[in-house]
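Handing you this structure, nothing more for now.
Each chain gets a letter, A, B, C and D, in the order it is written, and its residues are counted from 1.
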Amino acid sequence: MNDSLFAQLVSLCAGLLLLSGVLIVWRRSLTAQVRFLALQGAALAVLVAVIGDYQTSAELIGVAALVLALKAVLLPAVLNRAVARGDAGQLETPVINTTAALIASSLLTMLAYVVSRPLQAAGSGPAAKAVPVGIALLLYGFLVLATRRHAVSQLVGFLMLDNGIATVAFLISGGVPLVVELGVSLDVLLVVLILQVLTGRIRTEFGAADLDDLSELRD
Amino acid sequence: MSGVAGGIYTQVSLTVLAVLASVLVPPAHRARVAGMTVAAVGVAGAVTGALALAGGHAGSIEIPMSLPFDPVVLAPDALGGFFMLVAGCVGAVAAVFAIGYVHGPSASRTAWSALAAFLLAVQLVPAAADAVSFLLMWELMALASTVLVLTEHAARVEVRSAALWYAAMTQLSFLMILAGFAVLAAAGHGTGFAAMGTVDPGSTAAAVAFVLLALGFATKSGIVPVHVWLPRAHPAAPSHVSAVMSAAMVKMGVYGVLLVVVRLLPGGPYWWGLLLIALGAVSAVYGILQASVASDLKRLLGYSTTENVGLMFLAAGTAVLLRAYGISVSAEVALVACLLLVVSHAAFKTTLFLGAGSVLHATGERDLDRLGGLGARMPTTAAAFGVGALGAAALPVTCGFVAEWALLQSLIHGARPQDRLVSVVMPVSVAVVALTAGLALMTFVKAYGIAFLARPRSAEAAVAADSPTSMRVSLVAAASAVVVLGLIPGVMVSAAARATELRGVGPVWVGGIDLSGVAARLDPVGLTVMAALVTLPVLLIVWRLARRRPRRPVDLAWGCGGVRVSPRMQYTATSFAEPLSRVFDDALRPARDVEVTHLSESRYLVERVQFSQRLDDVVEVRAYRPVIGLADRFGVFARRLQNGSILRYLGYSFVALLLVLVVVTL
Amino acid sequence: MSLPAAVLASVQVLVMVAVSPLLVGLMRQTRACLEGRVGAGLVQPWRDLRKWMSKETLSALGTGWTSAAGPVIVVVSGLLICVLVPLVGAVPFPSVPDDLFVVVAVLLLGTVATDLVGLDAGTAFGGMGSSRQMTIAALVEPTVLVAVYALSIPVGSSALSRIVRARVEDPSSVASPVSLLALVALAIAVIAETGRLPVDNPTTHLELTMVHEAMVLESSGRDLGWLELGSWLRLGALLGLLGSLLIPWGIATEVTVGSLAVGVAALVVKLTLLGGALAAAEVFVAKLRLFRVPELLAGSFALAFLAVTASYLLVQAG
Amino acid sequence: MTLLVLLPGVVCLGLAAATALRPRAAWGRLAGLLGAAAILASGIALVAIVLNGSTPTAAGGLLRVDALSAFMLTVIGAVGLTATWAGLPARSGPNPPGRYVSMVCLFLGAMSVAVLADNLGLLWVAVEATTVATAFLVGHRRSRHSLEAAWKYVVLGSVGVAIAFLGIVLLYAATLSAGTPTLSWSVLDHTHPPMDPALVTVAAALAVLGFATKAGLAPMHSWLPDAHSQAPAPVSGLMSGVLLSVAFYAILRVQAIVDPVIGPDLMRNLLLTAGLLSLTVSAALILRQRDLKRMLAYSSIEHMGLLALAAATGSTLALTAALLHVLGHGLAKSSTFVVSGRILAAEGTTQIADIRSLHARRPGLAVPLLVGMAALLGFPPFSMFFSEVAIVVAGFQGGLGWVMAVALALLLVLFAGLARHTVRMLFGASHRDAAAETAGGAPAVRLPTAPDRSAHGPRVPLAIAFGVVAVVGFAAGPLASILAQAASVLGGTP
């Protein structure tokens, strides 16, 4: 494909990623969050595929498939089970209200653009230009992690953070060596599985998956 | 292998032997075997010290390290040998004393092993030739002594807090010394004392290092205001341990100061001297004041240690000050006086602590107000303690008097009209020394008179009996040291002169002192002969009179008619010190509490009057308690950092991430 | 030991033993006259001494060898001072310098012995006296030593004989402000050390006020005798010392019969003057409360300290 | 040789699989022991090989053993052996469930892979794997508390490590743009590619931040006290003793890579900040600490802070001291944690206030705890004394005087706090008086009539561990040379 098309596709995917991130920050229903997360995974997969096609590397195409399977299908499914087991569609109450969260997210986006200057300096072309999106996703993820009380939404936040990192990785350097990539994906999967199991246990122990109950260990 | 190196190896192997002995020998014989071995460690230390003193840099041992330090070497010089000698003698005597003294926890395997290790560490601190080995021995000393202070933790409640204070203050001292040496090492490009010696005493680094080191060593020596551990730890520890701590370990602080001002950074600026003098003067006066009003015998002795170390600091400071002003002769005398104070204090303080231990062993009492009349029941202890008290009160003919005399000589010959500063400082120092001497006199008259004279104030004191042989032997040994060194101080002086390479001092005919530099001489033997000459006729008369009419015991003292005098009517230590504590009310701030209950019929008639007085350490109450309280409150507040909410924890990480991102990219 | 010094020392001892009781007698007599009493006469102290020595000595229950040895030590320290202090002449032993610090130490030895005797009695009074005396002694110490310091500065030595000789050679130095300040301070210290008014009233037996008497209360017979003789000796010796420093005339600087005779005569005269003056003064002052005594001593200390600093500052000025 | 390099990972994974498949096997309880022994053996062997001047590699260069790796492997083996052996349940006790043992083996294996890897990516994967393995171990005691601790541990840990991964990605990008895409530090070490400093700066900062989370450096330490206090004692010992050190090892590797590119300032400042913060946090929270295991956890934070300061100094003396400190702290801390576990078993609590006069009642527990605390407080002859002295001296020599002064002040506070709690727990009158001390007169703790001298577990490993800590400070020879070589690998400036 030619550069302009590539550029458009990359920016489209980046836009989708960013959009889904904002929506996750916005929405308070868990099911919606998971849905948008899946969308985000898909967008990421597409992005990888685009880059792979542009660089004409079969390896990246394969990775794209992997990403699609993992981030767009498998992990959301796991999360859905975690949600479905209990309070489907429940509206959680974050630490900061939605307005504040959205303002914060926009601020974080700006910050992301500021801080990723040296990162862009490294690479060149449209891919490098989209790097701030990845950083922004990372920061969104952290924001969700630090402000959502529900266990599942913490999972969502973690995965968004991971997506952000992956985005940066693919945009800036076409991913890391395959073996590392595999290891990373496996690790992420395992962590999510563990967290899902723990979520179940928390439900049985504490009645709900509300993290405010988890403050008995203190000094 | 030179004699010194051999001596050090001997000490180490003997220590290992002692530890094995105390672990393996069954309790029945443990005290005897372990005690003799530990004493052997002390003797080996004394011999090694003497060799080092005689031969200067005679031998060295390198300790293999797994870290790339500069060579870590034990190589005592003359000064170190001097202190090693003192420590060794003290240790040997104390160990022999312990044979008869230990019982219960203090006779345990741990206690004996710790004693051996403690002795070894104390003897090897002055052997260190570089910062690392010095700190190593220093911390070994701290660890072992802490264990020993904790010995009787199960028997008495106050031991725990005493050990805690001791450990914390010791760590403070260690950290300051570590920092000081580190500064010197950075400036001198090496941790060896030789490398540190290349630092220019006038430089900033030297100044910083000096302040740190001086304060660190002061802490270990129980100098005011960092003395708070001392009056707690000494009563808490078993008496033979208190003896070693007070007579040998505390001296290592003095050694450290001398190491800095004589060996590492000679010729420092005058204000170093002023700092030392100020510390010393305050400690001397404050210490002896507290001692003079204390009624716990070992607490009293502890505070008196603070006083004596204060005098040593004062002497060392005088030396520095005078050298800075080029008054080298008096400076030398001051240095010698410092070393004389070290020796004499070692001698009489050992005697006193062992005596106190003997009393404790016989009566189970440390409180003077419950003692009395022991002179008749435990003559040896009484005699030894009396000699020790004479020494502590700096009366002739004891080594204490000689040391104080030398100090005064250096002071009164120090000043020259043209040096305004010196001619202001010297008189003040003389006054301080004089006041200290006077109060010391009072303190030890009280200690001896109340404990050993008159009639017993408690049942325990009434049934006391003198101590077992080993204790009596070591008591006599220590006491005779006090007298002999007082009679022929020439020995001490020539040793001190050798240790500091001085010329202005020397012995005269029968072991007297000749401070040729300041045209002063002292010959206790002559004085004694003279005293004997004038005593002779008096004794003759006494003898003839006694033959004619021997003294007749009557049953009781005069009770002001009618009232029969009961022991409870005697003056106690508290009442003895009452006038003084009134005079110095502002300094001591005793908490007095008089409770008067009137008769129900009339408020003019008193049924009962209750008087109670508590004397806490002013410095501790005013300076330390607030800080500790503050720290505690901070600790409580800081708990909120870790309040258990994972969201907050994630927030910490988030903020850290944002900060780092901003910092590294902007 | 050199012969002349030995001769001088023995002369001093004999003279002082002979004279000091008379001195006490003189002082008592002076007071008696001034207070309009007849008085017991000059030699009354000697009579007391003879009586005590011949009386039986009793020792109370619980008192030990301290009570027996203490008095002897007191008197010995008194004699030793008489040996060391230049009273008749200023010819020191070459080996045993009459260092002022040594003298003070010997003096304190006597004080301590008295105190221990007081404590050994095991009564309230004994302890009371000892405690008070020790408090005073402790507070006097700085005055004494600093005064000594002041006196030693001009001659650059703390040896009494050298100080006195310097004054003999240059009597004008006595009048120098430095030495006057020092002497006043020393005088107060001497009064305190020897337990005269206003610090202690040697004639009272009132428990609220007595210091020295309280300590010797339990002693009897020869013990009392030694104690009293000792205290008289130190009184005499210290007054004599003041005399030698204040009126340095007639002090023998070498040992010949003539000079010794002159010295003895001069000593007697000085003692008479000083003793009389002191006794006369005592008539007019009242005893201080025990807790006012520190003020007096602080004052004397201030004087001594002034003397020292003055001696430097004046030199600086000059 | 290659076999030797592969041995630890293979053995541990094998044992893990075996115990997972045959949970009830009688030898199951010994599996952890075997794994640790294998690691230790290969570690010592590799040390010998490395000292002979060769650097064995395996798995197509993914695994490579230089002096540092060999040393770290030995440390893992030694600490692992101590923890697993001393942590063996008493003969009578029931076997631990198979999953526990297999997770322990997995944990050990992951750590050894982490130190053997010659690839930042693989290192990252291994470190993350330790999170996965220990997650179950922390949550092993299926109580509310252990569950909470596990959740916090996993979330905080994996988030932190994710950040580290971003850093690694950026570093990879830097090498990519420099023409030699690699994550292997041996390659980076030999061919210094012209990387973009700005990018490397960001990469290094993120990597340090991330690994600092696992290393328990403030302000990323929050998971540590909870996890350490809730995990079974041997696991706490392993985590505190080696897991933290392995993460710190990663930081050292990153430092060694980036310092030549961007100069030492960035890493130095980051590490100084982290070190001082860690010391401050631990000091503040130890002052009024109420729980024994949490106290030990905070003491781990303290020691990590010291290590950070040492790394910031960066001179040869400081780096060797840091490595020796890792060894000493690992052994001492794991033993002390095991003892705390025994105390929990015997006394039924780890609340400092409820543990009274242990020395009089349970000398078998009090003595090892006392020795461990003495070692952790940095008393000689234990090696931490020397490493701390060396760190301070090196710091002053490296011109970090003020930092070191602050650190020393904090160390004093820490000493006071730790000593205070230790004395409170161990010493004091035996139970009769203890009962009298408590106001109500009722005994504070259910007390045995006679002092209980049993150690509630094997004594030998503790004795060996403490003995080793006591001598390694002195022992010159191979230890000294391996330390020196490891430091030179890290490019210490003499």
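FYI, a residue touches a chain if its C-beta (ideal position, glycine included) is under 8 Å from a C-beta of that chain, and two chains touch if they have at least 3 such contacts.
These figures come from a predicted structure and were not determined experimentally.
Engineer: Please report the smallest number of touch steps linking chain B to chain C.
Structural biologist: 1
Engineer: Report the chain closest to the protein's overall CA mean, measuring from each chain's own CA mean.
Structural biologist: B
Engineer: Any idea how many Å lie between the Cα centroids of chain A and chain C?
Structural biologist: 100
Engineer: For chain C versus chain D, what separation do you get between their C-alpha means, in angstrom?
Structural biologist: 77
Engineer: Could you work out how far the Cα centre of chain B sits from that of chain D, in whole Å?
Structural biologist: That gives a centre separation of 42 Å.
Engineer: How many angstrom lie between the centres of chain A and chain B, each centre taken as the mean Cα position?
Structural biologist: Spacing between the chain centres: roughly 69 Å.
Engineer: On chain B, where are the residues touching two or more other chains?
Structural biologist: 638-639, 641-642, 644, 646, 650, 653, 657, 661, 665
Engineer: Any chance you could list the residues of chain D touching two or more other chains?
Structural biologist: As it turns out, chain D has residues touching two or more other chains at 151-152, 155, 159, 201-202, 225-226, 285.
Engineer: Got the chain A residues that touch at least 2 other chains?
Structural biologist: Touching at least two other chains: 115, 118, 142, 145, 211, 214-217, 219.
Engineer: Pick one for the touching-chains graph, please: line, ring, star, complete, other.
Structural biologist: other
Engineer: Give the pairs of chains that touch; include all such pairs.
Structural biologist: Final set of chain pairs in contact is A-B, A-D, B-C, B-D.
Engineer: For chain B, which residues are in contact with chain C within the complex?
Structural biologist: 292, 372-373, 375-376, 393-396, 401, 405, 408-409, 411-413, 415, 417-418, 420, 423-424, 427, 430-431, 433-435, 437-439, 441-442, 445-446, 448-450, 453-455, 508-509, 512, 519-523, 526-527, 530-531, 534-535, 538-539, 541-542, 545, 549, 551-559, 565, 567, 569-571, 575-580, 582-583
Engineer: Touching residues of chain A toward chain D in the complex: what are they?
Structural biologist: 115, 118-119, 121-123, 138, 142, 145, 151, 154, 158, 161-162, 165, 168-169, 172-174, 176-177, 179-180, 183-184, 186-187, 190-191, 194-195, 198, 201-202, 205-206, 211, 214-217, 219
Engineer: Looking at the complex, which residues from chain D come into contact with chain B?
Structural biologist: It is residues 151-152, 155-156, 159-160, 163, 201-202, 205-206, 209, 213, 219-220, 222-223, 225-226, 266, 270, 281, 284-285, 287-288, 316-317, 320-321, 324, 357, 359-360, 374, 379-381, 383, 385-387, 389-390, 392-393, 395-397, 399, 401, 404-405, 408-409, 411-413, 415-417, 419-420, 423-424, 427-430, 433, 437, 472-477, 479-480, 483-484 of chain D that touch chain B.
Engineer: Given the complex with chain B, which residues does chain A contribute to the contact?
Structural biologist: That would be residues 95, 111, 114-118, 139, 142-143, 145-147, 149, 211-212, 214-219 of chain A.
Engineer: Along chain B, where are the residues that touch chain D in the complex?
Structural biologist: It is residues 63-69, 131-132, 135-136, 139-140, 142-143, 150, 153-155, 157, 159-160, 163-164, 167-168, 171-172, 175, 178-179, 181-183, 185-186, 189, 191, 631-632, 634-636, 638-639, 641-642, 644, 646, 648-650, 652-653, 655-657, 660-661, 663-665 of chain B that touch chain D.
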